[in-house]
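Chain nomenclature is as follows: A, B, C, D, E and F, assigned in order of appearance, with residue numbering initiated at 1 for each chain independently.
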Amino acid sequence: MYFVSFLLLFPVLTAVLLFFAKGYLAKKIIVITSSVVISGMALIFATMNFFTLSNRFYIKDAEFVNILFLIIEFVIMCYLIYLGIRFKKYYVSLLSLVQSGILFWLELSGQAKTEHSFNIYIDKFAIIMCSIIAVIGCLICVYAVGYMKSYHQHHKEYKDRTTLFFPLLFLFISAMFGIVFSDNLIWLFFFWEITTFCSFLLIGYTKTKEAVTNSFRALWMNLIGGLCFAVAIAYCALKLHTLSLHTIVHMGAGAQAVTIPVFLLCIACLTKSAQLPFSKWLLGAMVAPTPTSALLHSATMVKAGAYLLIRLSPLLAHTVAGALVTTIGGFTFLATSLLAISQSDGKKVLAYSTIANLGLIIACAGIGMYEAVWAAMLLILFHAVSKSLMFLSVGAVENSIGSRNIEDMHGLIVKVPALAFVMLIGIAGMFLAPFGMLISKWAALKAFIDSNSILLIIFLVYGSAATLFYWTKWLSKLVAGVHHSERKDNQAKGCEWFSLLAHSGIMIFLCLSFPTISRHLIEPFLSEIFGYKISSIIGDGNIQIMTFMLCMIFILPFGIRVLTLDKTSKQKSSYMCGINTGDDRKFVDSLGEKKKMYLSNWYMEDLFGEKKILLPSIIIATVIIVVLLVIGIGGAL
Amino acid sequence: MIKIVSTVLYLVFAPVFGGLLAGVDRKITARMQGRKGPPILQPFYDIFKLFSKEAIVVDHLQNLFVIGYLVFIIFTGCLFFYGGDLLLAFFAITLAEIFLIMCASSANSAYSSMGSQRELLQMMAYEPMILIVAIGFYIATGSFSVGEIITSQTSAIATTPGIFLGYLYILTIKFRKSPFDLSTSHHAHQEMVKGLTVELSGRTLGITELAHWYENTFLIGIIAIFIINATWWSWIVALAVCALAYFMEILIDNTYARVKWKVLLNSSWIVAFGLGILNLLALYYIK
Amino acid sequence: MSFASKSPWLIHYDGSSCNGCDIEVLACLTPVYDVERFGVINTGNPKHADIFLITGGINKQNEEVVKQIYDQMPSPKVVVAVGACACNGGIFKECYNIMGGVDKVLPVDIYVSGCAARPEAIIDGVVKAVALLDEKSKSISQGR
Amino acid sequence: MTIMNFTKTILKNLFSKPATTKYPFVKKEYPEGTRGKVEIDIDSCIFCGICSRKCPPNVIEVNREKKEWKIDPFGCISCSACVYACPKKCLFMNQEYTAPAPQKTTNTFTKGE
Amino acid sequence: MSARSIVPFGPQHPVLPEPIHLDLVLEDETVIEAIPSIGFVHRGLEKLVEKKDFQDYVYVAERICGICSFIHGMGYCSAIESTMGIEVPRRAEYLRTIWGEMSRIHSHLLWLGLLADAFGFESLFMQSWKLREKILDMFEMTTGGRVIFSVNQIGGVKRDMDSDTLKLFIKIFDDMKKELTALTKAFLNDYSVNTRLKGVGILTKEKAHELGAVGPMMRSSGIEIDTRKLGYSAYNELDFQVITSPVGDSYARTEVRINEIFQSIEIIRQAAQKIPDTELSLVVKGFPSGEYFMRAEQPRGEAIYYVKGNGTKFLDRVRVRTPTFANLPSMLEVLKGCQLADVPTLILTIDPCISCTER
Amino acid sequence: MTTQSITTISNENLISEVIKLKDEGYRLVQICATTVNSEYEITYSFALDYEFLCIRLMIPEEAEIMSISQVFAPAFLYENEMKDLFGIKINALSLDYQGNFYRLEQKTPYKNQ
């Protein structure tokens, strides 16, 4: 109880402190200290409950909290309505009004009063999520301390609004804790809305026209989700007479009664996780400073949707709602993986990759089989770390070389070796055997096969191929050894660098320790929600093999040293049809002058360009949703 | 025990087998072209020579990556011949390939980088089919484990003929044979010069060649497990099928022009769909 | 034992030739002469090559190219000048844009005469070059 | 349009004797009239120098005093101009070509008294 | 969002038998721009006329190029003969025609092989060159050389072909036809080859005319010009049709050249029947004066031999405008927008001969 | 054989003359320069089907001429060649190699020294 309240309240406190803190140093100190405290507490909490945890409910009938929430909700609503009117986005005002209105009505009319409603519920899944949020979230905050300073040095055109920025980050983290701890749907919804609101403000940070448009896009898309959420709550309250997520899940998959709220919640999750057709908001979120993107993409925000779906997964197995979620997830995975091929903006690639990976997670959750959910949870874990690492390193690279375009990262290993190495680890983590993501994909594939879902198999096999392509091509850009190119300074110092290193460390640690995590955290949770003891998914033999591979990768560089291959090989200029001008970068061109050779990656614009497939995929996804909704809800009514 | 023996046998004899295969390949190809051709042992002469040459690199990272390539190819083969998990083996070989690609692009040279981009494209082209192969085995025999696949009662090919053909299709890419020798080729006279391997020479080139032999042995092994089942004679049939399949590859090599990348990508994906996915569907239907 | 001689890979560059020697070099690779009998492969890439076959003379513009190709070949390597032009400029030696034979810029190991050099002569030249390759490779391994 | 329509040809090649010559293990028979290297019957030469003047790449050197006839076989373009020009018809084309060598040589013929 | 690669293509490049260089600007693998540079083979042999007399210059003219060597020699000789008003004996003209057409066959077969190699069809390359060897043997039998023949001289030819040889040749050609047909099928009917040739590098009729394309390059764009129709040598007494093809893509260029092989065989057959019995050569007296543009059809198209004499044994100027030189603008035109994989085949479809181009 | 006519025109008329030929449908066949004493004789050859005609300029060594590459696109090659070999000054070339077309060691070898 103590831990939970602490984790919920301490970030809020920090936020308040930060809001009033004057000067950069003060902010820095506050951010670092509270980050240490928060992640420390979360980790202690996790270790305490690592081996044993009987699920715990907390906080029954906290009337005053409800009222507090209501007030905050009301303030936010008013603010949003105001903004909607001011920026002439009336639909935003309307959406906000309707969804909050539903809630107020529920609360005020007393309909929301249900039996034995516990508000907080802790189980192993909550522990996992809480650790991810705390550790990754705080590392991002620490990074932000260093980053925002250089950000404003590089971008003089934007006003320094860090006074608002840092508090928002911490508020966000607090809200995420809220989401994973809440059992009461109303509480959950409250935190859900807070994340929406914070992300809206964070995305609009720079206040440029683009930022404002994108933030509004994020807002209205999430509000649609929120609306669905609100309706679901109303339905639960009125028809099921319960608002406990836990209870609803235990009603079982077959129950007719839950069909409609589950559908609605699924839609809410799809918007939150930026699945097609709602994926545009996440792409737009890139305009914000890097820490925001990292936060939204890796540990928080989008993970909220995935989190809720995993919670709901027992209800999804073999239902139309499940089919909806898996199909959309799988389709999103395929479509956005293909889209990522045509992108050269580092952050945009990452954004597409985030959407794709969430698609995969969501597809797994939608299958509702324990292997699939296992895979989904591992994916959340690994994705959070490596994606955050990637975002932060892209940010650091941007500060160092002045661009986040992948093309400009050509030869990064020579220009800024340290960052290149960090990035290599991040990319490897994203898709390479034997790193985490791949293990999870292995499990996901197995689950897909076992679920007899040919459609998912199609999505997965083609999507993986695309994934392979865009990551590897990034990788190959990084390692190009451009001789005589200037060394650039690694701008990531202090906080930023620490955060990056910590991420890398965690990455490797996770790869080595995931069997333990699986055994003590994931499997018990699965046994519980599926109601039977489950065997371990991945055989010991295979785990050993993967660990072995991992070790090999790390031994290799030293092996080369030992074999002294390096020393015995002589360096020669590269082959340029005989007209290299000696420094490997230039050749004698047709007019007899020195011309710089330039090597670009493949983008295949005409096959995979946004122009070509974005719109069709949105349409297809919409059609899928509409059709399945009609079938599902029609069946339920 | 038998697993360890077969792994060791692979470690020792795969190069021999791969080299001989390359030799026979070159001989048959030459004869098809109306030439006498090199001696059968020529690939071995080549590789010994390569290792005895001066080692030159454009970038020292090349050494690292090329060794990574070899190590993971061998690892893949060992995993396979140990009777391990087929899907993992495929993941491992992907990793190996990525090492090769990084090796090629680390040189920052025009042709080697373009070759690596094309190699990447090829990987993207055959990846779906490769996964489908693994999936097919899993559905047909109930396991990803090679050990279990070869001891199942019926040959996998009985229920996965489409996947088998699809595999042969992408094998042409993997063997780097015309019409799919886009990224590098055994013959000179390619727009890519030597593509991927332009900047490799002497020892490093020797290593890639060696890795290639290991890889080929592994790839042919996969043809075999399509056939092999619990009976002893299935091994003989498997041998014959492998030989035939390889001969077909040589024949195709000599009767096709090199296609362009779009054709490669489209056709592989279509084949993966038409042969692979439909076969999977049928499998589900039967089960 | 040295394997250099069993697998001589070559690169062929056409200097300022008239093409005559050039196509004869190519003819050596084709069925009737098939130098692959001796393990010869035309690599087209200096980094893989052991033998550098040059046809035609040297002019200002290809001087650098020839030197660079030679430089990018890993040793042991031999240079074979094919045809009168490559030997000393041939009929073009008085032209304003011909500096002379290949030996003006590279150490030539074997000269092959003829205009155009006959495939048989080229084969003989390659066979001689191969013997040299062996010697060079031995001296390199002793030098190590 | 067909696929693999070259199969017949290559299979025929595969099962018939290769077109490859046995050179250098079996000597090549050159047809009559093949232009190989220039040879001289030095005894009939009168050292008039016409061949030298006619030779396009100027590889023949004639020294009337020393009764010396020199040729640089590596520069000779086997054009037969000298053969046609020689008034004494003492030059002729050998079907053999000059053998490749590690050094360029000059062949000198001196008329013995 | 694609960035553009800028890479050098050539001079040393395995698909290029001869050195030429292109700066390629690529987007993925699409060629956006190609800028050529030449000069790697430039020898400056036109200026040798100041050192060699007009009769000896034949040896130089033959060595402009080793592929189309014969017609270079012939063209130069004809140009001089025209300025001097020499009537060459008919037999010599017929022999020149026969050798010339054989050169065309050998050149086209060589080209077919290289093209096959450029699109990665090795066995087709080998087969083409295997057939070509037969032609070279025939050359060696009659001229004493495989690629450089040295049979032309001002006023006629140096060697003869007797009727047995001619009969033998006709027989060889007849035998060859079967294999040529198999080859033709592979080039024109094979699916994979078609994907590499059809619709690739289209040069429209208008463009071909505007860019001054010549030879098969022009004829495959539907322009019906063949300088052999001017009737030099013995062509005025021989019957043949100009071969064209309307589309202007790589496929059309292949088709035209293959049909020209068959056409050449036909011409040789006719010539062998009609060849008169006269002497082989005239003795030339005097020195050329005046100027003349001799237009002759090389395998690659119309070549122009311009000679200008001044009444001494040294000419004022010799200039050879070779077909490849004229085709270069068309090559650049077709390269624009093609795929990198097409660069070799497109460079080859103009059948470039750099030593001719740069002389 | 067809006739070969050569008309000499003056430097100023070049472009108009060339445009006229273009309008008549001629294609450019070649451009060639010759050094005659201390003048350059530049011959432009055009053809229409089998017909062939030339126009000729005689210009002093230092004179500048206009490029016809704007009218006949392929002319740029010939003109760059003349520029390199003769040192003729040509204005408004569509692609000017600035004397790096052949990249000669000895510049403008045909120029009268």
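Worth a mention:
Criterion: a residue touches a chain if its C-beta (ideal position, glycine included) is under 8 Å from a C-beta of that chain, and two chains touch if they have at least 3 such contacts.
All of these numbers come straight from a predicted model, not from anything done at the bench.
Common neighbours of chain B and chain F, listed by label, are A, C, E.
Chain centres here are means of the Cα atoms, and by that rule the chain farthest away from chain F is A. No other two chains have as many C-beta pairs in contact as A-B. Among the remaining chains, the Cα-based centre furthest from that of chain C is the centre of A.
Averaging C-alpha coordinates per chain places the centre of chain A 78 Å away from that of chain D. Chain E has its Cα centroid 65 Å from the Cα centroid of chain A. Taking each chain's centre as the average of its CA atoms, chain C and chain F sit 39 Å apart.
Chain centres here are Cα averages; for chain B and chain D they lie 49 Å apart.
Among all residues of chain E, those that touch two or more other chains are 5, 7-8, 11-15, 29, 35, 37, 39, 42, 44, 47, 59-60, 63, 121, 123-127, 130, 133, 145, 148, 190, 192.
In chain C, 13, 30-32, 34, 37, 42-47, 59, 61, 65, 69, 72, 90-91, 96-97, 115, 118 are the positions where the chain touches two or more neighbouring chains simultaneously. Multi-chain contact residues of chain D, defined as those touching 2 or more other chains: 3-6, 10, 13, 18-20, 56, 77-79.
Contact between chains, per the stated criterion, is found for A-B, A-C, A-E, A-F, B-C, B-D, B-E, C-D, C-E, C-F, D-E, E-F.
Those residues of chain E lying in contact with chain C across their complex are 11-15, 17-19, 39-45, 47-48, 51, 59-60, 63-67, 69, 110, 113, 125-127, 129-130, 133, 136, 145-148, 353-356. On chain B, the positions that touch chain D within their shared complex are 28, 30-37, 251-252, 254-256. Contact residues on chain E toward chain A in their complex (touch as defined above): 1-13, 21-23, 26-29, 35-37. The touching residues of chain B, when paired with chain A in their complex, are 54-61, 63-65, 67-68, 71-72, 75, 79, 84-85, 87-88, 91-92, 94-95, 98, 101-102, 104-114, 116-117, 120-121, 123-125, 127-128, 131-132, 135, 138-139, 144, 193, 198-199, 203-204, 262, 265, 269, 272-273, 277, 280-281, 284. Chain contact summary for the complex, chain E toward chain D: residues 52, 56, 59-60, 63, 121, 123-124, 127, 130, 133, 137, 140-145, 148, 150, 158-159, 179, 182-183, 185-186, 189-192, 194.
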